[in-house]
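For clarity, chains are labelled A, B, C and D in written order, and residue numbers in each chain start from 1.
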């Protein structure tokens, strides 16, 4: 099947500063793609290029099989939702929804139908006659989504739509967006710096850094098999624990520790040399369970963060600090000796120099 | 859904690619730059005429075209305007007025900004009962024609024994600069995050401490705007300068008026133009230097209602 | 001469001030045109010769610009030592409010009353038997200045009266000249009008209108020809695109305009341009037919000062201003007539002599400055400038409006 | 801090710092205005005096042609200058906001007249518009013998000649204010409008301009304050002429007070100006400062 959006060899530079470099990306019909990265990685820039809000330097963009590289944003068949909502403050909600349509000369009856549908889907019917200033943040963002919805397009672009909301609203609206995607089944590209949003919403995640896509994959792939150290560190909270050491026949050696890496699925065959060994806090077991794991260590509790569902504990192991996610019921005290263990098969190992996954 | 980032095979096909081609002479550009250039010419025309005329001799001016560049450039009009032009018996041109203007402008600008910034600060951060009433009166005061206030101020200054003194004039400039400046500062200080202000209070800083150690250092843009407005306004003032000072303290604008209107025989347009340019030079230089800061400062202070 | 001035200065100084010496006095005035400035320099020279110093406070523009400044300073408690006003009613209230000082003692000591050319001049400086100002010159408004060059180039003889002047208008226009130069400022329009009233209407009409403020006369048939003349005047002046009076005079001097109705101070400009009366230009006092002149002029007033030394010096200044030498020198440069009748005007030119003859005949009336208040004067100025520049305003409308102003005048 | 400080001393320093403002507001602006209003009911001539004449000064004022012409002129100048400064200022700002080259140069050119005094502005435009050697002369010189452009010498056009100069002097500042306002508009709004396919002019008209309300208000206040005070420009450019074609209220006040030596009349005219200013301003001041407080 032809991809819904195809980005081909896209380059973008402002003068001498190159922002996006020879970027390729295909997004399938009905796919929910999340562009994830820290600020300045080029994710919003890429989205703006797709929307046609930025003139690209080289390359091509196809939407729905059509070469839209030189098309105006409004002619690309997209709808867009912004972080700051970008509602027209002097117009009512209805005005916001209909302004673009009226301008495009859509017949009145059809406008009314589309508005009614969007309002129903988003449950904003009672708000239609209000002005944005009289709405809460969540309501405003619903209206902003509605404005994209009434355009009746195949592709939705979201530019950090939930970043301005508080945690509770963010979680609620996230669910709604997910449901919306399930209902509409159209292509969505969603930019965020929030990994929870990325993990929960995405069919695939593209992790970006410095204008490049570091890894493109399903949330599970990204989580379990991060392609490089940056991705591994970026995803997961608390971050993956790393051991700085050396990989050889005997396994992984880091100063005072040595263990085998049996069961580890090497990406391109086993390689030896300096390496990072990474293991996520939630893959480290404690107490009796730790005994069952191939690698066992012992450390002193240094910091305890009870979250209710889980308890995060920072252990001092030698001169290293290792985060461990424990069951919410366990309540270690600072200074307690804790036994930990993990299975190298669940770990990620990266080349020391290239930081690529081994 | 193959992972395509690892597949650098050429994917570009024929058709639109890269930057949308735009011609340098597109209709849009012609419209934008055309309009800007035409308007710029309209704005520059008077300056051009002033400069050109000030460099011509009188015979050449009489022959006619005010737009023609000078055939023979002479700086005599400038010399005359600066040092020789007469008002009555005094023939020392604008030079005397220049130093008077400096003496009037510097303390007036300083005092008016100091007071207005304190007012704005008190209004924005230390509201007290009735403050807004005073402020509203002050703002309405900005609309009162100066002529209306001329006489009451003569009486006030007389009662204070300040009439005719430089101090009196400085006070007058401070009073009439106050409304707009206070508005600017109040708006600017209102936009300073309240947390900052609260943090300082928790740290034990008082009214003056916060003003000097927190507000002042972070308010450079608005001070620049205030300074530009005041220097221009006070330097260009004619009415107060002529009414509230003695001849030995006359500012440059008053002398400009005297020179331009002291028609001795034929109007010496070249000298008049040179005198006009000389008088406008100080504010013009300030604008040329700090134009960018001005816009930035206005964005910070004036625009937030 | 020098001896005498020294003696005079010394006598006043000793007799009145008891040895005040070397004071700086600031004198404000609006004498800033070429001829005027040269004339003021004569006063300054004479005063400096007494050992004091003349600090010149010229304010350019016209009396209308300068007077507010002077009045503000006097009422604001920062008076200058002496200041120019047109004598008449401009300073009346300042005197009444006790802000001015009398100089009666000097006048009596020096016998000004016997020397004065026209008694009215001192009278208008007098309030409650005290003299408050020194008249320094006699000006009369009723002069038509004509450019011989312009008429030569147009190929017609120089007119001898108003009627001929009006008749010559079209010929001048054909020759590319403006028949009548007139600065487009209110006081000039109102001044020209009052010249028409006196010169064409005669002293009785003038007195009825300006002195007795008889609004029926102002509205009546006697004034109709005056308004018709005013109508002709504005048509002849239509092409004159200048503001200042001396720019208008300059049009006459350079032959670009045929003539100008302006007071005798215009002669100062002719002299500055080295023009010779009779050869280069012609003057028609009283517009030629009924040579009556109104005597107005400038006067110097003396604000009340708290400094005794300066107060004494004020009297010295008054004495210098009225002295024969200063009078001669000043008025020769300014083109006006001296206020003393005991002077030998050997240097007086053709025009000045004509003026003196009329004065000697007693064909004089008081100037409007002494008859109507500045308020009324301003109203008339507003009316006249509107009439002169707005051709849609008919003479009938203007006359009716004029009569209203006269009816309300105080 | 054991005893509660009295109300008076609460915020003491702020009150001390506000003393100059309070004095200015109460003594100069309020006191001066009241003084002016009171004396407008007298027949004060050269000096103020308490000789009451009721409404005589106002009757005369409204019966004076020159005052009526002044009001009319101010109305024409005011309305046109408001409209044109806002429109020209906004259009220039919008053009400047198109990411153009040489923005600094253009901005400096548009803003420099604002650095010049009205006296200078008036003189320059008087020279330029003088038919004998200004624009008219030059255009006639290149062959158009019948070309006529002498607004300052035509009573019907003179006020527009002043408007010409006034706009030249003032639009630069308006442009700056507008530019600052435009730069303050959220980029996303522009993006949203582009995605919606709304043409630029419509975006400006229906979305951006309504969003710039605070800027427009500030600008309006500044322009209006300038209009009411219009005086120097007229004096320098036309002296009120030709005739009384360009008289304005502020000049009437000044001339009455100091030239005609009729303070009472001048005070009556000032009072009328004051009243109209207050009528215009009070509702605005109430909306801006009275109603809701800023956060």
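Definition applied: a residue touches a chain if its C-beta (ideal position, glycine included) is under 8 Å from a C-beta of that chain, and two chains touch if they have at least 3 such contacts.
The shown structure was predicted, so the numbers you read here are calculated from the model rather than taken from an experiment.
Both subunit A and subunit B are touched by D. Taking the CA centroid of subunit C as reference, the farthest chain centroid is that of A. Distance from the subunit B centre to the subunit C centre is 42 Å, each centre being the mean of its Cα atoms. Distance between subunit A and subunit D, defined via averaged C-alpha coordinates, is recorded as 55 Å. In terms of their C-alpha centroids, the spacing between subunit A and subunit C amounts to 92 Å.
With touch defined as above, residues shared between interfaces to two or more other chains in subunit C number as follows: 68, 72, 75.
Residues of subunit B found to touch two or more other chains are 150, 155, 257, 260.
Multi-chain contact residues of subunit D (touching two or more other chains): 254, 257.
Taken as a graph of touching chains, this assembly fits none of the simple shapes: it is neither a line, a ring, a star nor a complete graph. Of all possible chain pairs, the ones that touch are A-B, A-D, B-C, B-D, C-D.
Residue ranges on subunit B touching subunit C, taken from their complex, read 86-90, 150, 154-155, 157-158, 161, 163-164, 242-244, 246-248, 257-267. Taken together, the subunit B residues at the contact with subunit A in this complex read 1, 3-5, 7-8, 10-13, 15-21. In the complex of the two chains, the subunit D residues touching subunit C come out as 45-47, 60, 64-66, 130-132, 150, 153, 155, 239-245, 254-262, 265. Against subunit B, the residues of subunit A that register as touching in their complex are 6, 8-9, 11, 22, 24-26, 28, 31, 55-60, 67, 69-70, 204, 213, 216-217. Residue ranges on subunit B touching subunit D, taken from their complex, read 32-33, 35-36, 39-40, 42-47, 49-50, 53, 61, 64-67, 115, 118-119, 121-123, 126, 128, 131-132, 134-153, 155-156, 174-175, 178, 180, 182, 190, 206-208, 232, 235-239, 253, 256-257, 260, 269, 272, 276, 279-280, 283-284, 286-288, 291-292, 294-296, 298-299, 302-305.
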